[in-house]
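Shared between the two complexes below is subunit A, which has subunit B as its partner in the first and subunit C in the second.
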Partner chain A sequence: MKKLFKTHETYVALTVIALCLVIGIINPVFFSAPNIVNLFRNATVNGIMAFALMMGIIIGGIDVAFPAVAVCSMYLTTKTLESMGYDGPVFIPILAAALIGTLLGLINGLIITKFDLPAFIVTLGTSSLYHGLLVWLVGSKPVNRLEPPLEAFGKMEIFRVTNDTTSAALPWTFVFMVAMALVVWFILNKTMLGRTIFAIGGDRTSAERAGYPVKRTIVFTYTFIGMAGGLAGIIHAIQSQMCIPTDLMGCEMMIIAAVVLGGTTISGGRGTVLGTCLGLAVITIAKNSLILVGITATWQRFVLGLIIVIGTAVSAYQALRASRKIAPVMTEEEEGGVVNG
Partner chain B sequence: MAKKFNANDLKKVMADDAQLTRLFFIMLGSFILMCILVPDKFPTWNNMKSMMFQFPEIGIFALAVSLGMLLGGIDLSVVSVGNISTIIAALLMNKLVEGGMNGGLAVVIGCVVAMVIGCICGTFNGLLIAKLGIPAMIATLGAMEVFAGLGVGLTDGAAIFTPEAYAFIGAGYIAGIPVPLIIFLVVMVIFTIFLQKKTFGMELYLVGTNRKAARFAGISTDMTIIRTHMAGGLLAAIGGIILSSRVTSAKASYGSSYILQCLLVAILGGINPNGGFGKVPGIVMAILTLQFLSSGFNMMRADSYFKTFIWGFVLIAAMIINYYGDKAAEKKKRAAAAAKRAAEKAAAAAENN
Partner chain C sequence: MTPQQAIDEGIQIIYQDFSIFPNLTVAENIAMPSERMDGKKFVDWKSIRAKAQKALDMVNVKMDLDALVGDLPVADKQLVAICRALLQDAKLLIMDEPTTALTKKEVDALFKVVRDLQAKGITIIFVSHKLEEVFEICEKLTILRSGEKVIEGDMADFDREKFIYYMTGRKIKESYYEKPNIAGDCLMKVDNIGIKTLFKGVSFELYPGEILGITGLLGSGRSELARALFGLEQLTEGKIYMDGKEVVLKSVTDAIDLGIGYVPEDRLTEGLFLPHTISRNIIAPVIKRNLTKSGMIDNKKIEGSVDDWIDELKIKTPSGKLPAQALSGGNQQKVVIAKWLEPQPRVLILNCPTVGVDIGSKTDIQAYARKLAQNGMGVIVISDDIPEVLQTCSRVLIMKKGRIVEEHPVTDLTEQSLAAKLSES
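Presenting the complex of A and B:
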């Protein structure tokens, strides 16, 4: 029980509950079933990207290129399908988008490791490189109507809830987010790869000396984020039933915020799937429900910014306090104060 | 004899600052390239004049980003700090002018207010980073949302037009020299002095190189971080003033593409993103290079997305070139050290004999 109160996840969970209660008391519409289903629907695309990005942050890096990767994948895929009048199974375009993402992510990873460059600046560069190249060469004309297989897949519902005023459905695309969360959880907790990622994030030099394949793992992580970006892109297109090549650009801020709010330390080495779920919940609720409590659209960005600053401040301050605590504890141990744990 | 000595001297300077030398040739190269590609429009007095009005604002924003990078962090909030400072200043100036105040005086008050707000925003960033321990990138990214959101909230996202007298800063001349260029030069000279000759600069570089060592050397690292970000906020406000006065309005969404260009200027200018290394002359040469390319592309009517692509490409290429440059320099240094050791050994051996 005591341990439960020490974890960061508990605080984030309390924040989520508090946020829900405040919004729900001011405007009971928040607790209506369609609204809640809509929140889950809206979290799908961001969630796919957030879980993958979390791995990048745990390893001690960062990626801001995944929105551009997502746009490249969805636009290239939907544009190609449109020109060939595609009518095959739906998994092929999804696979193709993920493949494009994988390739672009691999390029990021290779540049970062080969030349030992800061990930933030590299991905910022490749972000504008990818997006600029895409719109310059392919154009910016939106794909207004997806091909029938994708359109049909977007309309497939897991279930639908209806009350007297509105109705909302959870689409099958939601499954992709759940799958991504499970895959990331599995990699981080059940595989050697996951241990390597945590080891590199904790202390890269030590990981290198201990014989972990550091560079290979970093390349894998950025490739994985690229793959998730590609997947998120095509899912976004399927959910919105169209493809605009300027959509999603600039969403990296929210995703990073979700991951960091969830307790993943930005300097690496710590982070959980559960935490990211909760961080994602905070961001999704704040983004979609501020309007319900009467905060107008013009002030939304300010309030979101405040939530991000306060959230990251709390988690950073805890880490800072913890690191200051370690020093005296260690001297005590040296004096022979600790006998049995 | 004297002539030979000079040549050697130049060679030594070039070897000492291989990066600046390289950058100088890149700048010259991009200028010549554009002269060849657009010979009828690029090398004209008119173009030179318009470039002198364009590059100062990004140059100053880039210097603000660079200050953060010298600390080993980064400052991503510069453009939004510039916008929020000028939005509040513009609202205030309009009120003052409506109240019957002399336009010139109102502009002076407005500029002072903008700079004070810039300092406050910078201090806010510094406090988040130093006192709460938020990594600079996340802190300034969050602060960017707060400041930009405040700007949108105050203005409903619309542009606030500025008084007539304000336009002088962005479009006027003093003794035939564009005012933005004068501001740019003054800022660069002041910061060169502060970074290279004053204690503040010394402390800044030390904290950027090794925060722990700096603390053990008796430097108040927290104070250095806060002060540096305050200076960054001030610079951001100055950049914002030039920007808003050039377009005679203030708006929360101005300069949204600047942050990539600022980073590009800083990296190209030889600021080490891991902190501790980089000089103002590098930034000046880098911003000129960027301006030559940008103006040239505009004259060729290049697609704006082509420019986005090129900036990304140049950013990556510059870092890769720096990587190989550093590697070569290190190799040279090692070879020199080995040669010196060998010579010493030989001398010692000769002495023994």
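Presenting the complex of A and C:
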């Protein structure tokens, strides 16, 4: 029980509950089944990216290119399908998008390890590079209507809830987020690869000295983030039933915020899937439900920013306090008493 | 040869910084590399815990397997590093200055572990510059100086003097420091100062020409006292006087303005801007005095005074333009000292000035402290290095559990008597 109150997850969970209660009390619509189902639906794409990105932050790096990777993957895939009038099974385009993402992520990973450059700089560069190349070579005309297999998949529902006023459905695409969370959890906690990621994030030099395959693991991590980016891209297109090649661009800060809010230390070495789930919940609720309490779109950015700053500051402050804790030299008794030296 | 190949051959190194993973548990730190060596792809927590426990049993230590290594005291971190090495079938264990951060008691415990390992047939290379430890634990000795082997032989062929001679290439005389007869009023007086839970009732006076030693074990409150005297911690009681006038040290800037200099305990994290040049490091506290009329940094002026310091303190470097991290520990420490002498302080506080410093630089630094005092500076040396305290200081205060418990002129003390006073509770 004591341990429960020490973990960061507990505090984020309390934040989620508080946020829900405040919004729900002001506007009970928040607790209606369709609203909750919609929140899960809206978390899908961000979630896929957040879980993968968490691995990049744990290893002591960062990736800001995954939105560009997502856009490239979804646009190239949907554009190709459109031009060939695709009518095959749906898993092939999803696989294709994931493969494009994998390739772009691999390029990131290779540049980072080959030249030993900071991941932030590399991915900032490739983000611009990938997106620029896409717009230059393929153009930026939206795909207004997806090919039938994708369109049909987007309309497949796991279940639907209806009340007096509205109705909402959880689409099958949601399964991809759950799968991503499970895969990341499995890698981080059950494989040597995952423990190597933690080790590198804890102390890279130590990992090298202990003979861990540091570079290979870093390349894997960025490749994996690229794969998740590609997947998130195509899922986004499927969910919105169209493909606009400027969508998602700029979402990286929100995703990073979700991961960091969830207790992943930005300097690496620490992070949990559960924490990221909770961080994602905070961001999703703030982004989608502030409108329910009368905070208009203009103020929404402000409040969202406030939540991120306060949320991350609290966790940073806790870490600071822990590191600055000076062990007392004297007990109360010794302080009051007479010394017998 | 890559680290992995060396490991496969049975060579294990305990690095000076231990090379552990602060974010992972004791069990994982100890057993994971061995699990990796077994070629496992998946994590088997049961086997990891069992292996870690086995390694801890080998060195006869009890530790919580689930504690995060980053939260452990230094001595335990070291044991974790040793256990990890043992699990990887070490045949040759290289220990790089393993005692730097340990107290006397912890060193004794470590030596017991080392002897146990030796009895189990493991060869150990013990890298150290601490004379007492080398004499205690080693059987054969090789001395390196400036990258060259100077001598090797059986420990029995060496005595103190010979050891120091080969380490430094010169004969070093060990003697007491006597306060010269300098007239002068009390430079600094502290009256009953304290910080809640850290130290209490500390009083002393410091006169020009004096080297005042404050000694006590790690955790006696000695470092906290030093930090308070430089405005890094705020007093909760008592008063400090400089030249008879009461002063309040709210910040480091106050302390510098009052003519106090402080060479901190850990030069790597508190004393140096490692990637920056030696010049910039030395000039940092007085940057405002080295500006041209237009407010830009006056590089010519800086270069001149930096070269003077390099000569004065015998810093071994081709130029002041090298980054501080390129220097050896001893020379780095000299840079830190130069940095705090550049503002021309009247009171200099040296907190453990020769930790992790080679014996040649150590002698240079101690001699320089004497020279400063002879020229009228008041010097405070905080240290638990008993020979250093005896050879450098003219008066010694002993600190225990946050209080000054004894005061002696250095001539009343011997290594044995001071060691006994420190360890008795």
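The working rule: the second predicted complex is superposed on the first by the 325 of 341 C-alpha atoms of A that agree within 3 Å, B and C clash if a C-alpha of one lies under 4 Å from a C-alpha of the other, contacts with A are read in each partner's own complex, and residues count from 1 in each chain.
Criterion: contacts are C-beta pairs under 8 Å (C-beta built on N, C-alpha and C of every residue); 3 or more make two chains touch, one makes a residue touch a chain.
Since the model is a prediction, treat every value here as computed from it, not as a measurement.
Looking at the shared chain after the overlay, A:Thr298 reaches subunit B, while subunit C stays out of its contact range. Legend: residue contacts after superposition of the two complexes on their common chain; A:Phe198 is shown touching subunit C, with no touch to subunit B.
When the two structures are aligned on the shared chain, A:Ser206 is found in touch with subunit C, with no touch to subunit B. Residue contacts after overlaying the shared chain place A:Lys190 against subunit C, while subunit B stays out of touching range. In the superposed model, A:Arg270 makes contact with subunit C only, not with subunit B.
Counted by residues of subunit A touched, the larger count belongs to B, out of subunit B and subunit C.
Interface residues of subunit B, counted against subunit A in their complex, comprise 74, 128, 132-135, 137-139, 141-150, 152-153, 156-157, 260, 263-264, 267, 273-274, 303, 305-313, 315-316, 319-320, 323. Against subunit B, in their complex, subunit A makes its touches with residues 62, 111, 115-118, 120-122, 124-136, 140, 253, 256-257, 260, 266-267, 298-306, 308-309, 312-313, 316-317, 319-320.
Across the interface of their complex, subunit A is touched by residues 2-4, 7, 13, 15, 19-24, 28, 32-33, 35-36, 40-43, 84, 196-201, 219-221, 224, 398, 400-403, 405-406 of subunit C.
Across the complex, subunit C is touched by residues 189-195, 198-199, 201-203, 205-212, 269-270, 326-330, 334-335, 339, 341 of subunit A.
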